[in-house]
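We call the chains A, B, C, D and E, going by the order they appear; numbering starts again at 1 in every chain.
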Amino acid sequence: MTMTPIVRQILANYESDNPGVKANLARILMQGRLGGTGKLIILPVDQGFEHGPARSFAINEPAYDPHYHFQIAIDAGLSAYAAPLGMIEAGADTFAGQIPTILKVNSSNSWSSSINQAVTGTVEDALRLGCSAIGFTIYPGADDVFEMMEEIREMSAEAKAAGIATVIWSYPRGGQLSKEGELALDVGAYAAHMAALLGAHIIKVKLPTDHIEQKDAKKAYEGLDASTQAKRVAHVVKSCFNGRRIVVFSGGAAKGADAVYQDARDIRDGGGNGSIIGRNTFQRPREDAIAMLDRLVAIYQGAE
Amino acid sequence: MTMTPIVRQILANYESDNPGVKANLARILMQGRLGGTGKLIILPVDQGFEHGPARSFAINEPAYDPHYHFQIAIDAGLSAYAAPLGMIEAGADTFAGQIPTILKVNSSNSWSSSINQAVTGTVEDALRLGCSAIGFTIYPGADDVFEMMEEIREMSAEAKAAGIATVIWSYPRGGQLSKEGELALDVGAYAAHMAALLGAHIIKVKLPTDHIEQKDAKKAYEGLDASTQAKRVAHVVKSCFNGRRIVVFSGGAAKGADAVYQDARDIRDGGGNGSIIGRNTFQRPREDAIAMLDRLVAIYQGAE
Amino acid sequence: MTMTPIVRQILANYESDNPGVKANLARILMQGRLGGTGKLIILPVDQGFEHGPARSFAINEPAYDPHYHFQIAIDAGLSAYAAPLGMIEAGADTFAGQIPTILKVNSSNSWSSSINQAVTGTVEDALRLGCSAIGFTIYPGADDVFEMMEEIREMSAEAKAAGIATVIWSYPRGGQLSKEGELALDVGAYAAHMAALLGAHIIKVKLPTDHIEQKDAKKAYEGLDASTQAKRVAHVVKSCFNGRRIVVFSGGAAKGADAVYQDARDIRDGGGNGSIIGRNTFQRPREDAIAMLDRLVAIYQGAE
Amino acid sequence: MTMTPIVRQILANYESDNPGVKANLARILMQGRLGGTGKLIILPVDQGFEHGPARSFAINEPAYDPHYHFQIAIDAGLSAYAAPLGMIEAGADTFAGQIPTILKVNSSNSWSSSINQAVTGTVEDALRLGCSAIGFTIYPGADDVFEMMEEIREMSAEAKAAGIATVIWSYPRGGQLSKEGELALDVGAYAAHMAALLGAHIIKVKLPTDHIEQKDAKKAYEGLDASTQAKRVAHVVKSCFNGRRIVVFSGGAAKGADAVYQDARDIRDGGGNGSIIGRNTFQRPREDAIAMLDRLVAIYQGAE
Amino acid sequence: MTMTPIVRQILANYESDNPGVKANLARILMQGRLGGTGKLIILPVDQGFEHGPARSFAINEPAYDPHYHFQIAIDAGLSAYAAPLGMIEAGADTFAGQIPTILKVNSSNSWSSSINQAVTGTVEDALRLGCSAIGFTIYPGADDVFEMMEEIREMSAEAKAAGIATVIWSYPRGGQLSKEGELALDVGAYAAHMAALLGAHIIKVKLPTDHIEQKDAKKAYEGLDASTQAKRVAHVVKSCFNGRRIVVFSGGAAKGADAVYQDARDIRDGGGNGSIIGRNTFQRPREDAIAMLDRLVAIYQGAE
C-alpha cells in the first residue's frame, strides 16, 4: 500500500485529527480498485431498515444474505461497505480485514412517525467489529434535527478519540422544505456545509437539481452557473470547506445504468470524491452489478 | 506581552475566576493590534451554519475556505476568531498559537422550526483544539430559553474548572417580543444582564435602538437619556454589572462601511469593549475588509 | 461568636443534618446585628433576573454594581446575602468571609412563557464561591412544579452531603389558583409546608392575607383566628413542623417604610424568624435603606 | 487485498476474538511482500530504550531518526513496525495507514535494577495512534513476573474489547534460570506456552538451543528429537496450542547475514510464522538492510 | 505574534499531537525576547523543594517571594517559568497571561530516603492555573524509575488529551551509576532518549562531560568526536529523535557568569534549543541576573 500524493494531500486536510482517524481514512482511500486515486465508491446497505427486506431484496434474492454484500463490495474492488449493526455483525468475522466497514449507527424505518432516526449502534460496537468509521444520518430541516446533531456531536467526539472516522449522511427533510426543495442546489449545499461544521470527515449528500428553494438564498445564487450537474457538484464540494472534506454523492433510487454512469462522470468532473451506491448495486443481478461497478470504477479512474 | 494597567483592571473584575480563565481572557485582551487597550474585535464565522454557505460566502469566494478566516483575523491584528467545530478543526493545527479561538458550541440554522440551537461542541473539544473560550447563544424570550440556560450553566461550569472562558451571545427572540422589540434598549439591556447573571465572561449583544418594548419598564426608562447610540451602549454596559464584564456589540447584517465606523465610535464612546464583526468582514473582498478592520482598530485606539 | 441558647435550640431542630450544614446555618444565625437572636434579615438581589436591570436598579443607580449589595448587607449588619451566579461571582472574592452568601440556583425572567425557572447554578458553584446555602424557588400549583421539586430534591441532596444548607422560596402560582389565592392563608401555609417536606432548612414565603382559597380547606380553617397578620404568621410557622424550621417572610414590592416596619413586628410577634427584603432595600437611596434596615433590626431585637 | 486460504485458516484459530482483533491481525498478515503467505517479518525498534541510542544507532546514523524505521519497514515490504510510544508518536501521522504498527507498551533499560519493565503506553494511546496491536514483554522466571502477567492481563483485556491485538514478547530471565537456561529448549517452549495461556495473539520468543534446563523436564524431552533448529522451532510452535497461535522468533544481537538467513529457513521449515528482526535490520546500512530483508522475504516465500 | 518558519518547523515535528498541545508549545516558543527564534530560556524554581529555602534564597533575599520569580522571568524576556504547585498558586493570578508557566508536578527533597519524587501536582491543577505544560522528573538508573515512568505515562496521556504539553527532566541517578557517570555523555544521551521515548515534548538534561560510563557503550562511542561541549550537545540532540524534540540543558549549580555564557554558546552551536537556568538566575542580585540573562538572550540570538 504505497501512499499516493493525492491521498496524502487529502489526509493533510484533516489537520486536527489523530493518526488513528487518519489511518482509517487512509484504509478507505487506499482500498480496492480506486485505492490511491482520491476517489471512492461506498456500498451502503441500510435499505432493509429503511424500506423493509422485500422492497430491498426480493428483486435479487441472494441479497437477503449479509455475506452477499460484503462479498460483492470486495469482488468489485470498492472502497468501503456501510451497514447497520446486525448486517455488520453477520459478516464481520468472515470478512475481517478484507474491506473497510462503516457502522451505520442510526437508522429510520418506513413506519416512523417522526422525521428522526434511532441510534442503533455505538463507537464500542465499531471498535469490536473492526469498523473504520461510524455513519450517521441527520435531517436538516426536521423538527428533531437539533437532537440528531447533539447525538452525532457526542458519538463523533468519542469516535475521534478512539481513532474512528465519522461519515455524515446529510439529507434535508421536513419542516418547511418542499419535496422539490429537498433536492435543491442551495439546500444540498447547505446540508453538506452543516455536516462539515459538525466535524464530519466524509460527507454524503444527494446529487442536487438546479432548483433554488430558499427565497433568501436566490440572490446569492444569481451569479452561479448551475446549468450542469458537474457544476452543481462543484458548488457542493466548495461548500464543504472549499474541498477540504471528502464528499460523496448518492444516486438515489435504482435507475438505468446509463444515468448512473453519467452521474459518476458529473461527480468526477465536478471534483466530488465518489459515489455511495446501494440500491443500484444490490437490486441488480450480481453479474450486472459487478459489470456496472466495473464501469463506474473506470469512470472514476478517468477512463471515459 | 507586557500587561497594561487597563487590562489588569479588567481582569481584576473576574474576581472569582481561576488563573486559567484569566490567562485565556488575557490572551484575547493582549492579542493583535488592540492588545493591551482593553478594546477588542472578534471575527465570528458561524454564518455558514445560520444562513448556509452561499448566502455567507458567494459574495467573496475565498471565504469558503476555513483558512481564509484564520488568516484574515491574524493579518488584520484582531483579538480572537470564533467559529463552530468543523471550521476550527479545519485550521486549528495550521494556526496553532497564532490567534485565540472561541469554539462556538451551539448553532442554529435557517430551517430550524424552534427558537433554539443544537449543542455541537464540547469543552473537551475546546481543550484539544487549544481554544481560549467557548461561545454559546441564548434566546431570552424564547420558549426554550430555560433549556438553553441550563445547557450553558453546565458547559460553563465545566469550562471554568478547566480554565476556559465563556462568551455568551444573548439575542432576545420569540415569545411575546415584537420584531422591533428584539432590538429595543430595555430588551437588549435585560438580555445582556441575564448573560452576566449566567456567569459569562464576555457578553455579546446587538446595538440597541431607542425603542422601549416592555410596558412595565417604561417608567424605569423615563429618566434615562437614550437619544444617542453611545448613550444606549453605556446603558447596556452599566447593565452588565456596572462595567465589570466585557461587552461587545455586533453590527448585524453587512452594511456600508461608514455605518460600521460610526457604530464602533459609539461603542467606544459608550464604554463598550468592542465589536464582533462577521459578515461585514468576510463578505467584502479581502483588501477592503483589511482596510475596514484597519480603520476600526484605529477608532478603538481613539484615533478618530 | 459565642453560641446563644436560642440558636443552639434552633440548630437542634435540624437533627438529621450533618455538622457541615449546621455550621452553615450557624454562620447565618450568628452573623451581623441579629447574630445570636434567632432572628434574621436576608438581602436577596435576584430582581435583575426577574424584572431586568432598569426596573430593578434605575431608581438607585449605584445598585447596578454587584459590590453595592454585598457592602450594604455587611454595613447594615444583615444575616446573609442571596443572589444568582453572576452576582455572587462578581463579589465573592472581595467579600470572602465577610457575610454568608446564598447562591440562588434557579431563576425566571419577565419573558418566560412557562411558570418555571431555569437552573442557573450548582452546588459545586456554591462550594467554590464559599456560599453557605443554595436558594431555590418552587411554584406550587404550576404545571411544572413536579419538575421543580425533583430538581431541588437532587440539588438539595447534593448540598446536604457537602454541608451546604437549602433555602426554598415557595411561591404558589399557576394552575387553578386565583390571583387572590396566591396570597391566601391556606395556600401560603400549604406552600410553606411543602417546602418543609422537601427538606428545606430555611423556608421563604409571602405574608398571607386572611383569604381562604381552597373550598375543601374552608372547614378546617373555621376554628382558626386569622384576624391579624401576626396570627397568620403563627399559622404558617406552625405549618412548618410546628416551628422546627426557620421561616422568613418577604415583603413584596417596594412600599412605604411604615408598612415594612409593621410587617416585621407582625412576623416577630407571630414567631417568624425574620424578613427577606430586597426591593425595599436596594430601591431606596443607600442612606434611607441603611436607616430602614437599622430600624428593622431594632424591631427584631424587640425594641419597639 | 484478497484474503488467502492460509490467512483465513490462521484467523480461524482465534475463535473467541471479535472481528476488530481479527481485522488487525489480518492487516498484519496481509501487509507487505509476505501478505497472504501466513508468514511475517516484524521490525521492532525498542533497542534505544533497552540499550541506549548510541549502542543502537551510532553504527548507522540515519537510524537516529524515527521516520527512518517507518520508511524502511514500508520499503522492504515488511508486515509491521513495533516501537515504544515516543517513536510511534514521532511518525504516526506521516505514515498513517501505510504499515501496521505495534505499540510496545512496556520497556526496560540497561540500568534497571530489577528484572521487570515499566508500562510506558496504553491501549488508548494505541487507538489514537492507529496501532494494530500492543506489544508487551514478560520475563518468566523473574521475581516480578506475576506483576507483569497481571499488567498484560489488564491491558490485553482492554485491547481485545477495543479490537486491538496483543503481542507478547516472552523472555525467560531471572530467578533460578541459568544464563544458558534462558535459551534452553524446554524453557523457551514453556515461556511461549505461558504467553499463549495469557491470551497472546502473537507470541515472540528467542530461537532455542538444544539445552534442557529443568531437571524435572528432562524425562519429558527424552523422546524428542531436538537435533536441528527447525525441529526445535517445531516444538515451540507445538507448545503454542499445537500451532493455533502465531509465533515469531527473534534473532538476537546483530550477526552475519548468513546466520540470519539460516535462522529464517529453520523458522520456516519448523513451521514458525516468521521473524522479528531489529538490530539485524537497523544496524546495517540501509541498502544492505534492504537487501537482507529482500532475501529473508524470499526465504519465507519458499524461494530457497 | 507572527509565527516564524523555524517555529513552524519545530511544531511540525510533534505530528501526533492535537492543536491544543501545539498551541501551548507555540506559546513558549513565541514568548519573550527569544520568541520566534526556536531557542528558549526557562526559569525553574524548584530549588526550595530540593534544597530548602535558605540554601536556595538566603543569598538573594527577595527570591523568597514567589512574585520575584514570575517578575524576573517576564522582565528578562524569558520563554517560560517552571515551579511546583505552591509557587505557581502564589502568583498565577497576578501574572495570568504574562508568561507561560510549567507546573512541576513531582518533587524531591534533601531528606528523601529513596531516589524518587513525590507527585505533588495534577493536570487539573495545570488547567485551573493556566499552565502551558507539566514538568516531571525521572531518575533513570534508580530502583524506582519504573514507577516514575508509569506516573508520567499516565499524567502525560491526560495532559495531551487536554492540550497541555509535557516537559521531562531526565536525570540519571542511583543504581550502578557512578557519580561521574551521572554526567557521562553516553548516560546523558541515553537519559534524553528515554524521555523522548516516554513521549516528552520538551526534554531537559544536564550538559554532559566527555566521560563514557557504560562499558558496553564504549565501542559505540569510538567513532564519535566528543572533544568539545558543542559536539556533545549535538550528540544528545541527535539522541532525541534526530532533533525532532526540543532539548534544553541545565547549567547545574551556580557558577561564574563566563562559564554560563560559554555553556549557552555550546548549546547553541551544538543545535540545542536552549537553557533552563535556575540557581544561576535567582541566586544573583536581580540586576546581575537581568544582565546575565540579557547576554544569554543575545548569545541565543547569535550575537556573539
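Annotations for the structure displayed:
One rule holds for everything that comes next: contacts are C-beta pairs under 8 Å (C-beta built on N, C-alpha and C of every residue); 3 or more make two chains touch, one makes a residue touch a chain.
None of these values were measured; they are calculated from a predicted model.
In terms of the stated touch criterion, the partners common to chain B and chain D are A, E, listed by label.
For chain B, the chain with the farthest CA centroid is D. The rotation relating chain B to chain C, fitted on Cα atoms, amounts to 70°, rounded to the nearest 5. Both chain B and chain E derive from one sequence, and where they touch, over half of the residue numbers involved are common to the two copies. Seen from the C-alpha centroid of chain E, the farthest chain centroid is that of C. If each chain is reduced to the centroid of its CA atoms, chain A and chain E end up 49 Å from each other.
Distance between chain centres (mean CA atoms), chain A to chain B: 36 Å. Per-chain Cα centroids separate chain C from chain E by 56 Å. The distance from the centre of chain A to the centre of chain C, with each centre set as the mean of the Cα atoms, comes to 58 Å. Contact of a single residue of chain A with at least two other chains is seen at positions 15-16, 18-19, 161. Taken as a graph of touching chains, this assembly has some other topology, since it is neither a line, a ring, a star nor fully connected. Contacts between chains, counted with the stated touch criterion, involve the pairs A-B, A-D, A-E, B-C, B-E, D-E. Chain E contributes residues 1-3, 11, 18-27, 29-31, 74, 92-93, 95-98, 124, 127-131, 161-163 to its touches with chain B in the complex.
Residues 13, 15-17, 140-141, 143, 145-147, 149-150, 153, 157, 172, 175-177, 186, 189-190, 193-194, 196-200, 214, 216-217, 220-221, 223-224, 235, 238-239, 241-242, 244-245 of chain E touch chain D in their complex. Remark: chain D residues 48-49, 51-55, 58-59, 61, 64-66, 84-94, 107, 109-114, 116-122, 124-125, 128-129 touch chain E in the complex.
Those residues of chain A whose C-beta lies close enough to touch chain E in the complex are 15-16, 18-19, 161.
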